[in-house]
Structures are given as structure tokens and as C-alpha cells.
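Before we start, here is the structure in question, set down as C-alpha cells.
Residue numbering begins at 1 within each chain, and the chains themselves are lettered A, B, C, D, E and F in the order written.
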Amino acid sequence: MARVVTFGEAMLRLSPPGRGRLEQARSLDVWPAGSELNVAVGLARLGDAATWVSRLPQNQLGRLIEAHARANGVETAHVSWSEDGRLGLYFVEVAAPPRSTTALYDREHSTFATLDPAELDWPAILGTADGFHVSGITPALSQSCARATEDALRAARASGCHTSYDVNFRRRLTSPETAAARLEAVVGLLDVLFCSPQDARELFDLDEPEALRERLGVRMLVFCGRERRIAVGETTETHERPIYEPLDPIGAGDAFCAGFLHERLNGGDLRAALEFGEAMSALKLTIPGDAPLVHPDEVSALRAGATLPVQR
Amino acid sequence: MARVVTFGEAMLRLSPPGRGRLEQARSLDVWPAGSELNVAVGLARLGDAATWVSRLPQNQLGRLIEAHARANGVETAHVSWSEDGRLGLYFVEVAAPPRSTTALYDREHSTFATLDPAELDWPAILGTADGFHVSGITPALSQSCARATEDALRAARASGCHTSYDVNFRRRLTSPETAAARLEAVVGLLDVLFCSPQDARELFDLDEPEALRERLGVRMLVFCGRERRIAVGETTETHERPIYEPLDPIGAGDAFCAGFLHERLNGGDLRAALEFGEAMSALKLTIPGDAPLVHPDEVSALRAGATLPVQR
Amino acid sequence: MARVVTFGEAMLRLSPPGRGRLEQARSLDVWPAGSELNVAVGLARLGDAATWVSRLPQNQLGRLIEAHARANGVETAHVSWSEDGRLGLYFVEVAAPPRSTTALYDREHSTFATLDPAELDWPAILGTADGFHVSGITPALSQSCARATEDALRAARASGCHTSYDVNFRRRLTSPETAAARLEAVVGLLDVLFCSPQDARELFDLDEPEALRERLGVRMLVFCGRERRIAVGETTETHERPIYEPLDPIGAGDAFCAGFLHERLNGGDLRAALEFGEAMSALKLTIPGDAPLVHPDEVSALRAGATLPVQR
Amino acid sequence: MARVVTFGEAMLRLSPPGRGRLEQARSLDVWPAGSELNVAVGLARLGDAATWVSRLPQNQLGRLIEAHARANGVETAHVSWSEDGRLGLYFVEVAAPPRSTTALYDREHSTFATLDPAELDWPAILGTADGFHVSGITPALSQSCARATEDALRAARASGCHTSYDVNFRRRLTSPETAAARLEAVVGLLDVLFCSPQDARELFDLDEPEALRERLGVRMLVFCGRERRIAVGETTETHERPIYEPLDPIGAGDAFCAGFLHERLNGGDLRAALEFGEAMSALKLTIPGDAPLVHPDEVSALRAGATLPVQR
Amino acid sequence: MARVVTFGEAMLRLSPPGRGRLEQARSLDVWPAGSELNVAVGLARLGDAATWVSRLPQNQLGRLIEAHARANGVETAHVSWSEDGRLGLYFVEVAAPPRSTTALYDREHSTFATLDPAELDWPAILGTADGFHVSGITPALSQSCARATEDALRAARASGCHTSYDVNFRRRLTSPETAAARLEAVVGLLDVLFCSPQDARELFDLDEPEALRERLGVRMLVFCGRERRIAVGETTETHERPIYEPLDPIGAGDAFCAGFLHERLNGGDLRAALEFGEAMSALKLTIPGDAPLVHPDEVSALRAGATLPVQR
Amino acid sequence: MARVVTFGEAMLRLSPPGRGRLEQARSLDVWPAGSELNVAVGLARLGDAATWVSRLPQNQLGRLIEAHARANGVETAHVSWSEDGRLGLYFVEVAAPPRSTTALYDREHSTFATLDPAELDWPAILGTADGFHVSGITPALSQSCARATEDALRAARASGCHTSYDVNFRRRLTSPETAAARLEAVVGLLDVLFCSPQDARELFDLDEPEALRERLGVRMLVFCGRERRIAVGETTETHERPIYEPLDPIGAGDAFCAGFLHERLNGGDLRAALEFGEAMSALKLTIPGDAPLVHPDEVSALRAGATLPVQR
């Protein structure tokens, strides 16, 4: 099994139960969240040795996050703790169509955003890791987070570790220009870039995966659309996505990354990696919360085409 | 923004959570309800000055209703309070197809049904209002409610106020003959009549909006079918309705009226009013409870065709 | 085991969960209720053959009540069903001291209150029953209920059946004068009368059990105070009540009646009946809802003085 | 109305609320379950006199099951009680597609599985019953349960009672060979056999109802596929099934059996029985839990094609 | 009835249900909070015209707060709205003894703390108000909040309005020195100062109300201890507090202020004001959440010594 | 910090919410449980390196337990997994007095009870551990569990590791004679024995700690009564216990053991260990569920006598 390190902020997601409105909520469901934490959880549940690097406030909310990571088998030895600061939050209304699911972010001034990049000894953290993963959210959080992201990718590249980056553009966090610039600063250090068509358009005004790959000069681009995913590298693979009504639409992209990286870092080919990622993503959409609480047997069953409504 | 007065009974809706059966319920979700209250809530949330005229029992349930109205910005100064009497209730099982959602009414002997029409000084209540709205439920509740409805419509007409009436036939409340007679008694006072094809058939044995409009001699008829809405007046406008699986099917007609009236009374044309009403109705169907707890930005986004599954 | 018939109205109790306020409730817990139904449930759970005579509306709420009675082993063959009418409701806020638990009744116009006494063939219903029990709530509901109560007691007396009556004065239902008059009309037919000191004061301005017994000329009076219960008949027995903080204060009197009657009708002496009733009452206070959902083993354990905090 | 006896184990189903994962559950919804109990509940709710024969542990869980049966009008006089033993459980994750709903059984060593067939006096239990129903789960539970099943069917046949058997193969309970053998041991005693295409394939490697009927030599086979049900006997009837998204996919087969048997045993023809069963099954799929908590009026409305989204 | 203006921040309180731990919470109960908002709610519910002055973010959480204020009859016309900024939060674990209830604040960088004092036109806001109330939390939030507090008190004093100030020291918000300094800057403008013995000790190292009153030179000091409250002004009144186990210990001080001010501003004497405040405080302790959701009748009943466990 | 190994079975506790009855439960709260797991959780939360040795079924319930252990920082590398078998369950009704909290066990045939002692290489598992802890439940589960317990204690003793044993007699699991015999078989290997007065009486008919210590010849006996705890060894220490109403009475003994062992193994004296254990136990009683989800700061605050009702 592969050893993978991810780096990013954790948040608490707070959502009204039963698809109710935030404005009328009398209680909120609590879900640990954070793109890179979700990827680490997915990898650990698939059997990889996943380490999540982050910074948390030393209070009950920080401990709730750590408990979630550990419960799912993620190594948290490289999480640092701060006496001050806060845990980022976001309030999500999961909506039925035609209303959109919306996120109200309250993540400014978080402990993570104010981390000191100098305190992260990346060669030591990475050790003999096989892979390093980060999303574009991390460098978007602050200058120091951008710095730490770059340090990490350089160290990973230096140690021969596979590097991946999920664009994950958040317009409520940063401008398209900044997001594009921070990606371009590190794109030369990447083995795989994950990007949605929408982000490609907003950041680079490009619609085609080939054009984007050329523009960025990245080794492999995985272009993740709602109807299909296309991996463009030395070869090109396309994977059509079946459509299901999601129970919870958040975290599917992270689940895909976890599945893709798991298969890839354990020796699978590109097609298998797309399929594995897709299975993880499809399963995640049936699970409440942000994290891909999937069991490997379920991925196998889905890939094998098991379609019984009830298994017993 | 327009000033609008609505007049009608409030009830408490009690529904088993999670689409369970009433017969096995151990708890019931509580939702403030009432057609004209819903319209007032919709208007107030869209920014209009909405006044809801009603009568409530002076107890915790009456206060629960008032708190709901006020929380949503509805003016309640013209709600009168009774030491006796009860608040009407209705028990709703929201069902998945092919089972129908059903309503078990327990609204007899309510404080509202026994109001004294002489106590309502409509010219004073209406003041400089731009619109007055009522549904056919109000006159169906009792002779005195029918009297008060007629008084209100006459006063509204006298003050030059726009008048609207939503047929809203409830076969568990009154006979088709009574409902038709009470409508015909006031139809000459109306600017707009809202009616569903099913009610047209049950009350007047008519299937076509034009025929119904002629029969009633109403200025404008908005014929609200499940697949399309047709406004028939000096001109005719048709609006096709997209179909979504409703989260909660109750209150969509009231939401439509609120949206239609909002647009109309603030100067929108007929097409815009149908679209606005449709957007309100479609959004309501995604919201648990009877009231259209919608924000104007959501209407704008939906009308602009925003279709992202997640906005962040 | 004894065969006992009780006669009275059922209601649904609706209470905000977690000791919240009715006015802010978003959901309400649902509990089947009704004094004589509670007594029947208690008796059936203790092993007696309990029949509950009543009238219910033929709808989901009526069926919910019947399901509750049957689930607890109560015979419902003598419940009649009405196409019209409603089930009585009451809204209860269970409060912590110093705030009082309060009941908001909404039981007017119920199916039960409008029953036709002529339809109840008491000799047939009673058959070979050993006991008949009713509370003062039943005759307070309507003239026809008072009539049926008297019919039932006469028939019970004629058949040699033990008769009992729990005063249960409800000032929100009737005046003290009416309650006193309806009791006095039947007191000569009673074997046992249950009365609280407070009701004795309000109905008869009497504070002492002996004085009340004399005034009413009843065979046996069980005077149920908060600190002690005193049975006054040919002999007098006093039973001190230990004090516990109740989890749910409603239904304790009914539980007492069930326990007292169970012991008495199965041959226990007066002291044993008071103890058994007290145990039932004390256990009920630890159980949410109105019904004494007690198991005979628990009564035995409590009477035997078992005081382990945890049994395992 | 018909008198029907069913024979089988009850279990408690425990399911995470809101389609959550078992692994992250903090609470579990509790549903009484058991194929033959479900059939009895369905029959009793339709107005038949249904008796359920079983064995339960004398503890709170056993009593919970009995209360459920009685609440729904099922006769439990022939349930025997054991001081030892346990109630079987199963943990169900109801999932949205493409994830399958899964059942984790924990029913070994149950009180029922260890019953003594000699204690069941079938001629006395059956009395003048019109029908006897069992599923293949019962004989699969243990040798003694298989023995008792055979005894029951012989006695039923001897008394001229209609006999039915639902294959209900559970691969987590027994092998296809054992299931086939236990069915073949009694198939000559059956009037109707219910079987799914999947079970036909797994037990007998047959895909066609005619072939299966011939192979087993059964009088009537009802072949219950996802898209259609086919009754093959002296005549053949086919009934297409409309497709709806189930709220809870468990118990639909039992609901079908109840509806089919109800119609059949009360004199309906084969087509009516298939339709009635289908209506029961379709309604069950809209109801949370295993039991068909349906009212006869709902079956009538559905068969009459009522399709209003809201009835009021 | 009096017209009263209060000024302060609103927050959302998030608490695990059922006295669970934050660290293991899967859902959080949501309660609108804020000391001066609580006072305004209390006053409005008692019948006074209460205006709450504040600043909220223009998002769902801000609207949730406004809805709460309006539902309780509080005037919100002087709440200003910000496109940016966040609503303060605090996470509360309500604990049973011997564990303390704890608050984890997350209120930094709130919209309120960054308000611009120049935008508040206090003479216009106060108009003909009879009273103005603020707590020490407001000036502790930021320099600009301290400025606005002083402006408000000066304007109130200039308009002849009664002024009150509740010390409410929060050690997690500011130092004792700063809290003392900000109080001393305005103490000359106050009619009434509310202070707990603990705050007196931490801010001024004083234990006796007389000493504190002298030190601060305040007209009237209400010294609010756990066992008694002492009002020291021209005369001294002492009020012993009965002890009850609180259901929710937060907000009792605000409820006291509301009751005290209500009685005082409507002409009650000092003793009556202490009693009224105590009743409000005692009732609040029985109500979940921060706000004193009390009805005037309950205060009357409690002051009259009503002690029935159940009222019906 | 100390390294401690515990050995025992995990179960799932299922409890009706809100102190309801199991018999009427519609949902059950889920709590990971098991005496030695609780001790490990307590130690890990206090900062010790706690390893829990056990055996779990490879299914969702087994994984739920492992997630709980890991979330709390317990090392689970020595948990073995079984394809077969079941997780033990117990159903708990937490009751208010005078009703006792009761446990209905359903733990027979568990994966743990059928473990193979030969597969546990205790010298390797213990490594350089400082302490080993087990309760009397483990040897009571089966012959093989008794064997493994003895092996573990011998190995621990051989490696110079501190050994402790909590009697924890469960009369629903084994007889007093067996429990006594299994304890006597290993008592010579123990450093500390924890025993309640009730267990002393039932197993050895002894009431006094000194007598029990002599009879068993154990080095140190900690005698844990409801009103005081007495440690009897070379010296004697007595610690009076303050009384609080427990929120959840289960797991307090395990919390005490964790606190006592933590202090003892980290060098504290006997008095400090009793105090630390008491603080852990008192805090546990305020926390729902079986596990002592306590933070070291809370223990410090309680030992320092912090008694504020609210800390903020």
C-alpha cells in the first residue's frame, strides 16, 4: 500500500438537517470537512498509509477534527496545535433542484491560514512517502499557506514523490487571477493536475483539456466534468459518468482524487485509476457529510457492476 | 415596494418527520400554515410591506403563529386576539409517489371561523394599500368569514386597490356548489382570479381557461395547471413549468401568488409575473413547511438560469 | 386475574421535546393519553383483562390511539368509531421548577363528547367483569357523557361489579359546582372514590378525608395527597410517599388507580393496594408520556426495596 | 374476511437515520421485522383475522415485537415465550443508488431458531383457518424450524387450508442447495409458491417461470420480478410493475404476499390478486420500516388510479 | 409601557443536544444569543416597546438573528447590515454538576465589533425612549464599540433617559483592567449598574456592594450574587434567591435586567423591581437557550407563589 | 507518560433516548462500550500510551468500535479481526430514581468470547508496557478468555509490569462461585485489585476491605463504595465521595480505574491516585455514554475545586 501525505485546512461543516433552511434552523448537523483531509480519509480507508499535515486550534473543535481523522485511520502526528486562533467553519444548505446547494464560508482568521511555513520541515514530514497531494484551496488561504504549499511540492519533487494538485477554485476565497497565479507558480512541480471545466474557464478562459494542458505545461491533466472525466497525458483516457441524484453533493471531487491516487500509486493504469476514482466519487454522493466513508469492498462491488437494490 | 393586505386563517400543520406515517408517529414536525399567511410571508420576504389580517386565540399556539409572521417581516397589527376558541390544525403526511400526500383537517370551531365581520374596519385596515389578496378558503370557513371577505373586497375595490382571489377549493371544507356560489358573489370585485384546472372542473365543470373566464366574467384569470400556467385577460400568456420532485408539495400555489402579485404590483408585465411566480413556486417546493422561505436573490438566480449543483 | 372495564375519552398529548417551550416548538412529541385509558393500560400490563370503552374518530389519529391500547394488551372491541368528529388534543409543556407544567386543552367537540349514551349496552359490555372504573373527566365532558357514566355505574352495581371513580377535577373543563353535582349524582353507586386534597377543597371546601367521606357517604375514600395517601373506609390506612423529581409528572394518579385496583380486585388488602398503587405511581413518574408503561417485575422490585442505581 | 395463520421469526431491524452509514451511527432507528410477521400485519390491516405463530424471548425486545403485532391487530395467542435466548437483529443501511442497501444479520442463536417443534400443536393452532403462509426463511433457520414448517404445512393441507410459501432465499443464512432441498421437501403441500427470478436462478438455475413450475410440480407459481409479476398455474397472468424510487426497499415482497393472499382468500380472481398485491407492494415502498402499514382505502385509491400529489 | 433601547452584539450559540460533549457532537442546537438582545427580548415580551441597536452581516445567519428579534416583538429598524464580516458564534457545553458549563467563544472579527460609531445617530435612535441599556460586553469588543457605547450613554443622559449597564465581565474577551477602565469611563452617566460579586472582585478587588458603589460613585448598584441580590442606592433592598437546578444556566442575568428595568421604568419600586427581575431570572433558568421566552402571566403566577406541579 | 495495555471485550450499548423505555423505543442511541476499552480510552485521553487488546468481527459494527478507540487515541494494532462471529450488544435503559437503570445483555457467542488464547503472544504485546489492566468480565466470558487473562497476567508479572484487576461482577454473565474462582486463580499475580462492597459480599460474603484483602492475599485492594473509596495496602487511604445526580451512571468505575492507574503509574501517591480516580469518575457521570470523554484540564479544574456554574 502507498504512503501519501496531504496538506490542507480542516473545517467544520454545519448543515440544517433534512434539507431545511439555515435561516430557520434550530439545529445543525456537524461534519468534519476539508478537501485534503477528505483525500487522506479516502486513502486511509482504502488501505494506504495516509498522513494529513495541518494546524488546529487547541480546543474542542480542533480535537473533534483530530478524532475524525484518527477514527478513519489517518496519521495526525504532523498536525500542529495552536493555543490561539479558530477553526474555520462553513454553513451548507443542501438543496433539492432547482435550488442550488450553497456554502456560506466563515473560515477567515483560522489557525491554519496563519501558520508559519518555516515550522514545517517537509523533508522530514515526507520521509519516504510515495505521494503528496494538495488542492488549490491551501495556497489561496494566505501568503504563508502559498509559501508552505510551494515548499512542500519542491521537497516532494526532490524526494521523488508523486505530486498532485486539485484546482478546486473557490470564488468566495480568492480571485481567478490569484488562483491562476498560485497554480502557475507550482505547476512545473506537478505530476497530476485535477481541474473542472468550470475552473478551467474561470481561471484560464479555456474549455478544452488539451488546450489547458498545453497552456500549463503539466505532465498529466485530469479534466473532471459532470458528464465525463478525461485524463490527458502521454495518452488520453475518457470515462463517462453515470448520473445519480446525490444525497449529499459535497466532497465527490475529493473522493475521486483519493480513488484515482490510490489506484495510481499502487500501480494501476490510467483507465483503472479513472474507474476507481469514479466509483469512489459515486459512492461518496450517497453518503452524508464531506468525507468518503467508503469501504474497499463497496468500490469493488460497484466496479463489478453489482446493482442489487438490496443485498442480503 | 408595494403595500399588500391579505386576509385569512392560520393553522398549525403537524407532519410526521421523515415521510413516516401519522399512525405510527412519535413526534410531529410543526409548521405555521394558512394560504393567505403564506402569501403575506412571501411578499414580505420579497420586500413588500405585507399586512396579514386574522384572528388568533390568546394562547401559546396563537403566539407561535404571530411569531412566525413577525419573524418573516409580516405586519400583525390587525390580528385580533380571542380569549376563547382554538387554533385550527391540520395533520399532513408528506408521501412519496405513488402514495398521495394527504391532509387531515382539524380546523372546525376555530377562533378565526367565528370572527365578527363587524369588528373589521376595512377602509382603515386597507389604508393606502396597493393590493388585497384572499383565497376561497376564507369565505368557505363560515358565513361570517364569507361576509368579511365580501366586505374586504368591496372596500378594496372602493379604495382603488388591486384585488386577487385564489380559488383553492377544499372538498373537505365545503361543497363545490357553496365554493362556486361564494366565488360568484365576489367575482365582479376581482382584478385577478387564480384557479387550478381541477378546481375549474369541480366547481364549474369547465376545462378551458377561456371558457371559465367568460363564465365568471373576471378581468384576468390565471389558470394554474401542473404542466403550465396560462394567464387569460386582455392578452394571453402561457408559461411551461419544469418538473422537479418536490421535497414538500404544500404551499406552492401560495408561493406562486406571492411572486405573481409582487411582480405585478411593482410594475412587472404579465410574462414577468408568471415567471416570478413560477420561480417562487419552484423554490417553495424545495423547502420544508408551508411558507415560501425564499430570498429575493434566489429568485433572481433561478430566473437567470443558475443551475450549479453547488455554489461556493 | 381480574376483568376490569374502564370508560373515558382518549386524547393525544403533544409536548415540546426536551422541556422546550410550546411557543418555540418545531416538533412535538406525541403521547396517547386519557385518564381511563391509562388505567386500562396499567391494568392490562399487570396481567388483568382490561377493556376500554370509548368512541374514536375513524381517521389516523383514532387508529393511533387504538394501536396504543392494543399494543399494551387492552381490549378495544367496545370502542365505537365515528366518521365525523375529532380526537381531543392537549398541549403540555413539561417544566422544571419553579415553572409549573401546564396543559393547554383542545378537546372540545370531540367524537367522544358527542357519543350517544343509548348506543352503549352496559350489561352486555360489562358481562362478568369484576370491576368498572371511570374518572370525573368523563361526566364533565358533556351531558350525554354524564348520562352514560351514570348508566354504566348503575349497570355495574346491578351486576355486582366493583365500582371506582377518580374525581380528577379539571377546572378548564367544568366548574367546581358541576363537577360536584355530577359526582354526587353517582356517589351512592361507588365502592371506591379517589380524590386529591386540592379537589376536595375546590369541590366541597373540605380538607379532611373523614369529613369528605361523611359528606359524600361513600364506602371508601382514597385521599391522594402529595405527601401521603390515606384510605378511609371501615378502617383507615395511611401511606407516606417518598419524593422524587419526576421525569414526567402526568399520569401518576391514573397509575396509582391501576395499581390499587389491580391489588384490590385480585384479593389484596388495603395496605397492599396502597403500596401497589404507590409503586405504580412512582414508576410512572420516571416514564415519559401519560401511560404507566410498567412491567410487573418492576413493581415487585420497587416494593421489595431494590435500590441499585444500575442492575446488571 | 379470511382467517390466516403465518409462522416465522421476528427480528428487530436497526437502521441509521437519514441514509447515514452504520459505521458512523450515533443512533439507530428501530423497526420490528420478520417476513411472516409482515405478512400477518398486512393481512390484519386489510381486515383479515391474522394469527402469527412464533417464539420470543421474555424481555423488553420480545415485548416490543408483541406490542407491534398487537398494535396492528395481529393475534399473538400462539406466540410462546422463552426465559432464555435472544431476539434476532439485523442492521440495515438503506442506501441511495448506486450504493446497494445492505443487511448485516445478527440472528444466530435466536429463541425462535431453537424452538421445539413438538410443542406446536398445529391442528389446534390452525383450527378453522382459511390460509397458512410461511417463507423459506423459517426452514432455513434450523433443523427444528424446518421440521416445524413441514408439520405446519401437513396439518394445513389436512385441514383443507390454503397453503403458500415465499422462497425468500437468504444467502447469508443458508446455501442454495439447502434452501432448494427444504423447499422441495414441502412443495407438494403448497397451493401457491412465490419466487423471484434471482432465487429461481440461484436455487434451481432456471430463468423461466414455466420451467420452474414444471420442475417443482407446484400448483401455482407467482414469479415476482422487478419489472413484472407472472402467475403461472392453470392460466397465466402477467402484471407489469410501474417503477418508483423506494423510500424504504425492504418488505415489499411481504406486502405483495399479504395483498395477493387477501384478495385470493376472499374470493378475488388471479388478476385482482396480482393487482392487489402490487398495490400493497408499491405502497409499502413509500413507508419506512419493514411492515406494510397500509390502510385498505389507500389500496383502493391506488388501484383506482388516484394520482393527486396532494389530497385535501 | 416603557420604550427602551438596548445596544449590543448578537451571536449564535451552538450547543450539543442532551448535555453531550462538543467533541463528540454530530449535531448542535442553535440559539440566538447576545446579552443586550436578550434584554430587549425580555422587555418586548413583557409588553415594553424594545428597540435593539446592532449590526449584522447580510447573510442567512444575520437574518436568523433578525427573525428571532422580530418574532419576539423587538424593533429592528436600527439594525444596520454589512455585506462583509461574520456573525459571532459561541459553542456552549451545558453540563451537569460537578462539571461546569463552558463557553468557547468564536466572536472575533465580527461585523458588530467593526462597526463605525459615526454611523450611529444616537439622538435620533433614542428619540423619546424611556431607557437605554448596555452591558460591559459591548465596550469590551473593540475600541469603536467602546466609543459607540459612550456616545450612546451621553446621548441618553442628555435626553433624560434612564441608563443602565450590566458589568458582565468576560475574561476570555478582555482583561480586568480594560473592563474596569471602560466602565469607569462611563459610570458617571449611569442610573443603575448591575454587577456580580465575582466581577466586583476581579475588576476592583472589592467584595462589598457598598464599597463598590462608593468606589464607582454610581447612583444605584444592583449586586447580583448567587444567593441574594442587593440593591444599594439611597436605600438598600436585599432579595434572597431560592435555588433550583437550572435546565439552562445561560441568560439568567439578562432576564433579571429585563425584569428589573421593566418594573422600574413602569413605575415599580425597588423591591418590586428586584422581585420581578428574580422571577424573570428563575423562569429563564427553566427555558433552553439564552433568551427569556417568558410570558407576563408566568411572572405573575410565580410572584404570586403558584407552586402546582401541573396546571390544568 | 505511562504505557498501559488493557484486555477485554467491546460491545455496543443501545439506549432509548431521553430516558424512554426500551419497549416503546423507535430509535436507540449507540455507544461503544466495554470495561477495559473504557479504561484504555480514559488513559489515552489523559496522555498515556494506551493499547487495547481485543478481537472484533470484520463488519461495520467492529469498525465502529475501532473508530471509537482510535478517535480517542487508543492503539488498536493488537486487535485481531474475525470473518465470523458477532459483536456483543447490551440494551440499557437509563432510569431516574426510584426506577433502576437496567442492562439487558446480548453478548453471547461474540467474536471475543471465542478467541483462541494461543494466538495472543503476550510478551510481544506487552513489550515495555508499564501497566496491564483487566476486569473480571474478561475471564467470565469463556474458558478461553479465562485462559488468556491468566496468560496475560503471568506475562505482565514476568516483565515487571504493574497489574490491576477490577472485579466487576456481572450476575447475568456468571455465578458468584465462578467469578470468585477465576479471580482467585490470578489474584497472586496482581498489584491492585478494585472491588465494590456489593461484589465483595456476593463473591466472598465479606463486608470489610481488610477482611477481603486478607482473604485474597492481594497486595493492594481499592474498595469502591458509593459513599467512599478505601485503598488498603501497606497503608490505608479513605476518600469520601460527594454525591451528584448522574446524567449517565454507566462507566464510572472504569473512569475511576483509568484515573487511579494514570496517577499511580506516573508516580503519584495513593491519595492523589484516589483523588484523580474520583475526579474522573465524577466527570464521567456527567457525560452520556460509557466512555470517560474527559480532558485533563477538566480533571485539574475539578481537583482544584472549581465550582463556577458557567465558565466564560
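Some notes on this structure:
By definition in this document, a residue touches a chain if its C-beta (ideal position, glycine included) is under 8 Å from a C-beta of that chain, and two chains touch if they have at least 3 such contacts.
These numbers were taken from a predicted model, which means no experiment stands behind them.
Touching chain D and chain E together: A, B, C, F. Placing every chain at the mean of its C-alpha atoms, the farthest one from chain B is found to be F.
Comparing mean CA positions across the assembly, the chain most remote from chain A is C. Chain A and chain D have CA centres that are 45 Å apart. Touching two or more other chains at once are residues 17-18, 21, 23-24, 26, 63, 67 of chain C.
By the touch criterion stated above, chain E contacts chain A in their complex at residues 14, 17, 21-30, 59-61, 63-64, 67, 86-87, 89, 91, 93, 104, 106, 108-109. Against chain D, in their complex, chain B makes its touches with residues 18-21, 23-24, 95-103, 105, 170-172, 226, 246, 249-250.
The touching residues of chain C, counted against chain F in their complex, run 17-18, 242, 244-245, 247, 282-283, 285-289, 293, 298, 301-302, 306-312. For chain A in complex with chain F, the touching residues are 63, 67-68, 70-73, 295.
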